[in-house]
Amino acid sequence: MTDDLTTESPVQEETPRDPWARELFFADDVEQHPAVRELREQFGEVVVDVVRFRDETTIHVRPEYLRQVSDYLRTHEQLSFKMLIDLTALDMLRLRTAPRFDVVLQLYSIKNRVRLRLKAGVDDGQSVPSVVPVWNGANWLEREAYDMFGIVFEGHPNLRRMLLPDDWDEGFPLRKDYPLRGWKEYPSYNTERTVSRTRTRWTGRGA
Amino acid sequence: MELTVDHFLGLSAALFIIGLMGVLMRRNVLIIFLCVELMVAAVAITFAAFARETNTLDGQTFALFAIAVAAAEAAVGLALILALSRRVRSVDVDEYRTLRD
Amino acid sequence: MPWEVIIFYLIAGVAILSAGGVVAARNPVHSAVLLMVCFIQIAAVFVMLGAEFLAVIQIIVYTGAILVLLLFVLMLVDPEDLPEFHTGRPVQRAIGALLGLILLLEVAAAVVTRTITGRQGSATLENIEAVGGNTEALGRQIYTEHLLAFEIVSMVLTIGILGAIVLAMPERLGVSGYRRRDTISLGHPRGTDLALPATAGAPIRATAGSKPEPAGIGRTLVMAGDPDEQPVVGGGRR
Amino acid sequence: MNDQPLWLTFIFAFLIMNVLLIGMAYMTYFERKMLGAMQDRMGPTRTGPKGLLQPIADGIKLLGKEDLIPRAADKWVFFFAPLIVFVTAIVGAAVIPFGGTINAFGRDLNLYITDLNVGALFVLAFSSIGVYGIILGAWASSNRYSLLGGLRAAAQVVSYEIILGLSLVGVFMLAGSLSLRDIMLEQQTNLELGPLTVKNWFILSQPLAFILFMIAAVAETNRAPFDLPEAESELVSGFHTEYSAFRFSFYFLGEYISMIVVSLFAATLFLGGPSGPGSSDHWYLGILYILIKAIVFLFFYIWLRATLPRFRYDQLMGLAWKVLLPLVILNIVVTAAIRLASDGLLF
Amino acid sequence: MSSTVAQPGTDGMPVFAEDMPPTGTYTISDEVAINESERLLTLNMGPQHPSTHGVLRVVLKLEGEVILDCDPIIGYLHRGVEKLGESHRYAQVVPWTDRTDYVAAPMNNLGCVMAFEKLCGVESPERAQYWRVIMSELSRIASHLVWLGTHALDIGALSMSLYCFRERELILDVFEAFCGARLTTNMMEIGGFSRPIPDGLIPQIREFLRVFPDRQKEYDDLLTANPIWLARTKDVGVIPAETAIDYSLTGACLRGSGVNYDIRKAMPYLVYDRLEFDVPLGTKGDVYDRYLVRMEEMRQAIRIITQCVDAVERMDTPLMAYESEYVIPPHKGTMTTAEDMQRHFVWVIKGISPPVGEAYAAVEHPKGENGYYVVSDGSSIPYRFRVRSPDFVNLGVLSHLAKGAMLADVVALIGTIDIVLGSVDR
């Protein structure tokens, strides 16, 4: 810093730092994170909680504002979280009482080269605004989250089963109360060999 | 029994009339189109037969022209059918009356 | 009965049967196939009449082009849309049959009572052979005596092609025009994707240490060494 | 030309047909070996010495397979379509001359089945009928991939038929005949190019036509890079998706035989047919030469297949109508002008 | 709220309602309902189709050869890797990732292991990091070779696939020598590598490095300037940078459009910040650009591997971060002493229990960003194991690209997105 050379300023009077410096995104004090700062400024109550773990920042927001917050982060001149890297959900069944699910968005800012995690709690039966109007890439990701968790995204253009068959009626497999082998009993496949193994010319070893 | 021009004319007449009956009887525009082609071909036989009879080549020449004109007719006709079927979604001739109005 | 006549009757029989099949077949594709058979028979008849060139042209033009085009159209048209023969109005069918019969009688009468009054030409088989075959003789005929008719036919063909193109052109541009458009918006509220600005050839800011090298034909890659550098390409600086 | 008894012609035709069938079988062997060599692998090796019995094994396998007919298929058309391809492909060989009239076994023999005065057009005509097999088979399968393949085949063959026919017009002008035998004999004459005396092969006087002919011939036989009707990457197998067993083998036979016939045709039209050193004295050398020339073309086919990607449908059509057609017409005009000028009729 | 049914505009193009439809409405396909009066042919490509790279199914609505609508349908290979990950111990989860993108299995292992390491706060030793880079760059080349071969085969260049698999064999040989497996390698472990590097491996890799650039020139000769290849790839499937970002594309699909986002540069992991390499960026965003980008990525990978091999050759430091409590102790005496065997047994049965928290780690997979999001509740089993597979997200753009393209372009587009259905369906 050039200021250090000219003035012997005390530590408290920090040199006027760039409010958008990349270090701030990784600062120990999570409130210094520019996205947190801006969101608190802009939306106030919407930010429920901010968590920092292993250099990753997670912002919990209120679900009804998810789309506004996303759009704000995307269109913000300096934050510029243009990319939605991932959208998924978390079933917090055994970890807390309510809300049951967290919708998790992994954002990335190409400009600042930082990631940001956005979480919005949503209860079973509630819906969360779709972010497809913000990012088209959310289309398939939200469909998958719906498919796996049953979270309804309000305003999604085409919310239907994605990985599971269209007529899947056994619920949502990634929920924590969904058993690993499913609800239904499936007949075990006949794995016994019905034809005896014989040594043939083609198999050679009598496999 | 000698192979005379009558044989060819008879064949030509038979084909022509089968084609004509097809045009009159069928309602499917594609088959009507096929029958028209058949009639043209039948007439070409007549041309060639008369050419053989009179020992000239004029008949063959005109048969050739008939085939060429039939090709042009086919191109236009098929394009018409395509355009119409695109518009009307049907190849039933009776529905093409709107064209006359 | 000489071989010639037997062969003729064979050919004529197949021709008439297949022609009848053309009219009677329910499925237009069957009609087209039978017509193809009929046309090949007609080509054989041409050979019997000493018109080999005509025979080959008959096959190339009629079977090779017209009927193929027709099959093409048949495949494009939904078979569901094709009404069937037997649902047609019986009155029209009866009248058609009647008229056909009358005409057949008339033609038969004409054939039987005909007298050919035209003058006999010199194009006997021997003379044609002397010229160098049917093709050459026909060529000489077309390009000398019938030149005007030939030109007119070529005009007719040209006009026919143009007419066909105009008629068959889809109302909303050609297929290729459809392709070249920007991708459509998918109902996205933010509207259509913008077409690429013409920056593909614009100077690209090369980053330090990078070496823009010719990578493809008419294309270069930007070699970014620094993650913060965003080259001005595509949809602009991001 | 001599008028030989009909039975002799029949024997010769029978011979040609069998040679074609065996040639087709070993054409597949040749193709697989060549592709193998080009692609760094062995090709067939297991059946017989160096895999030489592979075509026979393939044939037996194809005949022994179950013949499946889709329930929705049009049975009759489905049945006859492969035969059309096969028959028309084989008929084309009827007018290919393997030499002139020779004196062997104590009598005069024609080394061609027949000499039509429209021989070249005859080949074209039957190759144009051959497309019916593809279109009808595609339609009869009642499969959408097949249907799309059939549509592509129809458009492609009609377009490239024009190029194929027109590219030969220059040759016809120079030879002054449509008879393949006349064209072959015309190329036996010597051409004096300054100090050089060469055979008057039409590839020398019609190089552009030759190139266009080869492109169109590849397209006409539906081979790579013009194998759109059976483009396996998007249309699975195109028109013969639903065909199996011996019906499929008829398509297969038809495709390869038409390749051989087209190669023989090209050798006759552009490379002087049987002409070559010593061929005027020994007829068997002539046959050898024409076969070698045909094999060169067949190798060219295989080479293309191993090298080039496939065109897209619109590009294929654009190539035919926007590039090849003007070129071929240019070739005709220039050839005609030169021919007239050499006869002193121009200006 | 008006419906999504498109109305024919004045110029014949469908015009779409500006607002979004209500939840759950679904007419014909993903985003668009085509005007019913059109004469359309529905073509069902897949799930058994030669060029859908597995069991992708694409429902196409065609008018002639032009595609009006395209609806990719996936899930035929869905094995529930995420659910399985949530019911296995941490070390047991890693092999599952092999089965996602099976053409570049080491990269999947790496991403998964990095997420676990991040969660536990473990850092692998430097030498292991170098080896991880070598293996991941080798698998990048292996994956790109499969892509190139199949992509070229889709477009019709028959020989290319055989050439590509010839070179891929060399890489698989390296994998086999390194870990004993060729396809599902299960190569990475939490904390590094527990087994020593085989002796002849570095010469083997050097041999590959020597051979490969010449072989790649052959590919260039065969395709890069081939007019038919150019005609089939140039200006086909153009993705503007804006759209690429909008659709969350990553990898070559994003960089082909000229967006500079490569995790190796943007957020360097392992030792990538010490290595010299460039990130190729396209200028137009069409199939040809992505082809060029991937070809160049292979050259850069060779560059990276060369540097790593040079660095690692002289290194004799440990391969495993044994000092960490989350790393499996060396199982030296497991075969000889009972105590060691018991300790090892208990360790394996108990597994590790990372602290409560969540971590997201991503690697620059050959196909894009392969991210692993792991949530731990303090037990020895991941509470949530999320695989962000790049091709799943990238495939989302297919229906957008295919509209208005021709039938033959669809296979080029599927090829250029570079999908592996194991990874798409997970």
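All chains are identified by letter, namely A, B, C, D and E, in their written order; residue positions are counted from 1 within each chain.
The criterion applied here is as follows: a contact is a pair of C-beta atoms (placed from the backbone, for glycine too) under 8 Å apart; a residue touches a chain by one contact, two chains touch by 3 or more.
Just so we're clear, the structure is a prediction, and the values are computed from it rather than from any experiment.
Chemist: Report back the single chain whose CA centre is most distant from the CA centre of chain E.
Modeler: Comparing chain centres, B lies farthest from chain E.
Chemist: Write down the pair of chains with the top C-beta contact pair count.
Modeler: Counting C-beta pairs in contact per chain pair, the top pair is B-C.
Chemist: Which chain's C-alpha centroid is most distant from that of chain A?
Modeler: Between chain A and the rest, the longest centre separation is with B.
Chemist: Just give me the whole-number Å value for how far the CA centre of chain B lies from that of chain D.
Modeler: Going by mean C-alpha positions, chain B sits 32 Å from chain D.
Chemist: From the mean C-alpha coordinate of chain B to that of chain E, what's the distance rounded to whole Å?
Modeler: Spacing between the chain centres: roughly 62 Å.
Chemist: State, to the nearest whole Å, the distance from the C-alpha centre of chain A to the C-alpha centre of chain D.
Modeler: 61
Chemist: Could you put a whole-Å number on the gap between the CA centroids of chain B and chain C?
Modeler: Measuring from centre to centre gives 16 Å for this pair.
Chemist: Return the residues of chain A touching two or more other chains; collapse runs of consecutive numbers into ranges.
Modeler: If we look for residues of chain A contacting two or more partner chains, we find 82, 110, 113, 133, 136, 157.
Chemist: Going by the contact rule already set, what residues in chain D reach two or more other chains?
Modeler: Residues 147, 151, 314.
Chemist: Quick check on chain B: which residues sit in contact with 2+ other chains?
Modeler: Residue numbers touching two or more other chains: 86, 89.
Chemist: Along chain E, where are the residues that touch chain C in the complex?
Modeler: Interface residues on the chain E side: 4, 6, 11-14, 16-21, 30-32, 39, 64-66, 224-225, 230, 234, 238, 240-245, 257-262, 265-266, 278-285, 288-289, 291-293, 295-296, 399-401, 403-406.
Chemist: Would you tell me which residues of chain C are touching chain B in their complex?
Modeler: That would be residues 1-2, 4-5, 8, 12, 15-16, 19-20, 22-23, 25, 28, 31-32, 35, 38-39, 42, 45-46, 48-51, 53-54, 57-58, 61-62, 65-66, 69-70, 73-74, 76-78, 81-83, 85, 87-88, 92-93, 95-97, 99-100, 103-104, 107-108, 111-112, 114, 116, 118-124, 128, 134, 137-138, 141-142, 145-146, 149-150, 153-154, 156-157, 159-161, 163-168, 170-171 of chain C.
Chemist: Which residues of chain A touch chain E in their complex?
Modeler: So the residues of chain A in touch with chain E come to 53-54, 56, 58, 82-86, 88, 90-91, 94-95, 104, 106, 108, 110, 113, 115, 117, 127, 130, 132-133, 135-141, 144, 148, 152-165, 173-174, 178, 180.
Chemist: Which stretch or stretches of chain D touch chain E in the complex?
Modeler: For this pair, the touching residues of chain D are 35, 38-41, 144-145, 147-148, 151, 224-225, 227-228, 231-236, 305-315.
Chemist: For a test of understanding, state which residues of chain C touch chain D in their complex under the given definition.
Modeler: Residues of chain C touching chain D: 27, 29-30, 33, 36, 40, 52-53, 55-57, 59-60, 63-65, 67-69, 71-72, 74-76, 132-136, 175-176, 179.
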